[in-house]
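What follows is a set of notes on a single structure, which appears directly below.
Letters A, B and C name the chains as they come in the text, with residue numbers starting at 1 for each one.
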Amino acid sequence: MAEITSHINNPGYSDKSTPPELRKKVRLSETIIHGFLFLFGSISILTTLAIIYELLKESWLFFREVSLLDFFTGIKWQPQIGEFSVWPLVNATLMTSLIAMIFALPIGLMIAVYLSEYATPRFRSTLKPVLEVLAGIPTVVYGYFALTFMTPLLRLIFGAQVVQIYNTASAGIVIGILILPLVTSMTEDALSAVPRSLREGAYALGATRLETAIRVVLPAAISGIAAAFILAVSRAIGETMIVSIAAGAGPNFTFNPFNPAETMTGYMVRISGGDLSYDSIDYNSIFAIGLLLFVLTLGLNIISQQIVRRFREVYE
Amino acid sequence: MNTIQKELVGSVNSNEFDYRTEARHRAGKFWLNIFRLSTLIGILALFALLYNIVNDAFGYVALEYKVNPASLTSTGAPLETLEKADLAAIIEAKVSAGLLRQLTRDRPLTDYSKPQLLDIIEENILKPGVKETWPLFTSLFQSSRVINEAQANYPEAYLEFRSWLSWEFIVSPQDSDPIVAGIRTAILGTLAIISIVLVTAFPVGVGAAIYLEEYADTRKWHNRAIETNINNLAGVPSIIYGIVGLAVFVRALEPLTSGAIFGALDGNTTANGRTILAAGLTLTLLILPVIIINAREAIKAVPNSLREAAYAIGATKWQTIWFHVLPNALPGILTGTIIAISRAIGETAPLVVIGASTYITFDPENLFSKFTALPIQVYQWTTRPQDVWRSLAAASIIVLLILLLSLNGLAIYLRNRYSRRNW
Amino acid sequence: MTSNGHLTNGQYAIEVKDLNIYYGDFRAIKNVSLAIRSNQITAIIGPSGCGKSTMLRSFNRMNELVPNSHIEGQVTFHGYDIYANDVDPVEIRRRIGMVFQRPNPFPKNIYDNVAWGAKINGYKRDLDDLVEQSLRQAALWDEVKDKLHQNALSLSGGQQQRLCIARTIAVKPEIILMDEPASALDPIATLRIEELMRELSRNYTIIVVTHNMQQAARVSDDTAFFNMDEDRAGYLVETGPTSEIFTNPKDKRTEDYITGRFG
């Protein structure tokens, strides 16, 4: 294509050197500030490195004494007799988390459906702050609630002989209450992100409200909901105060939710809370368990983020 | 193919569909009720939580004096009927010399008012002990049962309706006697720890957010790494921060956190790294990701046109940020920071792990003091076997929740006040 | 070089040579060469999306604030390459100011809006005088002189835009770039801005992007017409004195556009 250029004679490239007044100035403060801000940004990296370094270092000391095989097989954690199988702790963690999920996922999902598909805007705008308040209550308060309310309630229902004072059921249910706001608000966000046009399309075909909600909106939001659920599992696994108050102290390999059993986090609190000597196997063991916990929760969080990212691409 | 076409073209034949309209509506109603029920369960859970706390924080308590009041007077007359001089005489006779010296340092006993003297006698001589406590709703609605029970089980005791939450409770230090124990030490500890968190996490967090939003070129891998990393850090369980804080701040940096390198080791500060400073730094790491993520959102919300306006008149990058981006992002940054701080206030596990003290009665003196904090106090009192401590736990929870609710209220206020702005 | 510190180099304030501008892999401006006369008003016209704003923003290095964008070719300011490695973009933007399509006053009071740029550029003389003088030049003084400490956002759209112009001239630029400065305004406010541009062209070189043919015809001395080809890259079709472009365009496409047959 013929370029029609300026009506004035076309200037050639200029190679005049920059005059002093246009030259870059040395702005020391800008450089220093930039440096500091970069440093601040990197502190997060340093934190991560510190976490990983400490976990690996102390775990390594632990695994010099205890073989990985022993750690991952067997069913006893009894340091006094040199039994270091992590399964009783993992099992208790899974028990409390599972109970929490059984409670929180269906209820959270249903509240979210109700909020996004049925509730009036006014009800929604009053319930949302309530959820925020619930989410802001410290977990130690939930721990107190588990021990002084949920456990007596369970004992009332199932009998005091059946339900021990410390038990995983009570802790699990209360963890469920704890993560309910998280599940609800994330699920609700996913449901509200489904475009109106999709709902209208279903209504126009003669679908009822329920059918629209269950067959159209829910499937469209499924990845967002999955992300919420996974994040909730990760929260439940990492939850500490509720289990250390209500689930019992002392590793115990049991599938009975009414028996006491110590979780990974509960163990870490109990061991480190006392006067702990730094060079003991006890000290090292909390890092080995911490490492396991870190890997578990990090993995779940990454999966959840990955799902959210893909989910976002669908609607943008 | 042909038949399908015919069916589509033909007018709707009522035999071809089974609409089951009624059944479908019934299913709709049924599930709607299930949804409502779920919502109700959620709300009930919150109410149960609050009910339980209030229920434990007030109510009847059966108290029994260590020393029978009647034994203090020759006649056995009730103390209230005595003259001030007689009361003073009782005090002089019964309390230890040290306490007496303390009481009479400023003024003689006769200058005290009669209620004050009675209080002194009660607290130092009679020393009431708790026999049993009853929760609020039992006390209110079954008071006759409570009274009967108390008379039958503790004939020596007297019954008192007590609010465990009181001004006395807030300003008294920790004590082994539940009647006089308070949360002064814990409140001061929490305030001290939060101050450290504020002065460290706020500048660093906001700085990191500025870097990521305004400076970082997201095409560079290290900037993307920082970004993903912060999101992941926000999901790490708090107890992990606890054990890392234990390893780094309490153990590795002990000379710093115990104050040894500042020569601050004396008296109460033999905390060997399990200090307020270590607690503050641990919580700083914990909430930094939250502050950064919230501050980034606030900075992102500042419209680009404002930055361009500043650049177009020859502002440098930092001038643009400092004079325009930050002031306009500030309400959002503050809201996010307050939310992060309330999270730090409620954190318990990391503090237990790095070694909050189980029992201290003195106020924290400096950064290198041993510490306890409000949630720690709740934890410890909750886990004690005797019921009476539950009431103290409930009362401290109320204080903790009021603190957190007012912070949240402040955050919501800031958000609403500054959210609608026409650029 | 004149006594007021302005660079002068004869006839042309800005010269563009073989300019290509990219957003990532997308080429928004293709092989443009162009010269802008000093102390004249040059209008840039063309269909939406042909790269007018992009072109304009390349004159004061605003485009480099867009991540992923880069340029090839040369833009000179009085003969000096503004993209040379040792050139300070801050200094370029101070000397080549910009007024945007939507008024974007700082959410501060009127006085500070005008004074801030001068302050950060180290203005040493009386700020009050400068503010008054800039507001007078922007034909806003009479309307705001009693409420200098009111928030600028309380002004009307047209007033806000004139405030933005006052803010720009307060830092004593040599060139003012205007990106559809009147498109968000009503006809009366538009007329005021146009009068103001004529007024300012005595002291400044002005380059204005506009969608409005009449406006280009009314206010500008020179006009540059841009179009875009099939892959949406903008190119220069023709440039020259406005009277010629509008009465006697050399190119068929220019004629079609001006007479409203496309675009």
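Odds and ends about this structure:
Going forward, a contact is a pair of C-beta atoms (placed from the backbone, for glycine too) under 8 Å apart; a residue touches a chain by one contact, two chains touch by 3 or more.
Quantities reported herein were computed from a predicted structural model and do not represent experimental measurements.
Top-ranked chain pair, ordered by C-beta pairs in contact, is A-B. Remark: the per-chain Cα centre closest to the mean position of all protein Cα atoms belongs to A. Centres computed as Cα averages put subunit A at a distance of 51 Å from subunit C.
With each centre defined as the average position of its C-alpha atoms, the distance from subunit B to subunit C rounds to 56 Å. With centres set at the average Cα position, the gap from subunit A to subunit B is 21 Å. Looking at subunit C, one finds that residues 90-91, 95 touch two or more other chains. The residues of subunit B that reach two or more other chains are 316, listed in rising order. Multi-chain contact residues of subunit A (touching two or more other chains): none found. Interface residues of subunit A, counted against subunit B in their complex, comprise 27, 29-30, 33-34, 36-45, 47-48, 50-51, 54-55, 58, 106-107, 110-111, 113-115, 118, 127, 129-130, 132-134, 136-145, 147-149, 177, 180, 184, 208-211, 214, 231, 234, 237-241, 244-245, 265, 268-269, 272-273, 278, 286-287, 290, 293-294, 297-298, 301-302, 305. Against subunit C, in their complex, subunit B makes its touches with residues 217-219, 303, 305-316, 319, 323-324, 328, 421-423.
By the touch criterion stated above, subunit C contacts subunit A in their complex at residues 5, 7, 11-12, 15, 17, 31, 33-35, 74, 76-77, 79-82, 84, 86-88, 90-92, 95, 229, 235-241, 250-251.
Partner subunit A is touched in their complex by these residues of subunit B: 24-25, 27-28, 31-32, 34-36, 38-39, 41-43, 45-46, 48-49, 52-53, 56, 203-205, 207-208, 210-212, 215-216, 223, 225-226, 229-233, 235-244, 246-248, 251, 285, 288-289, 292, 316-318, 339, 342-343, 345-349, 352-355, 375, 378-379, 382-383, 390, 393-394, 397, 400-401, 404-405, 408, 412. Remark: subunit A residues 1, 3-8, 10-19, 21-25 touch subunit C in the complex.
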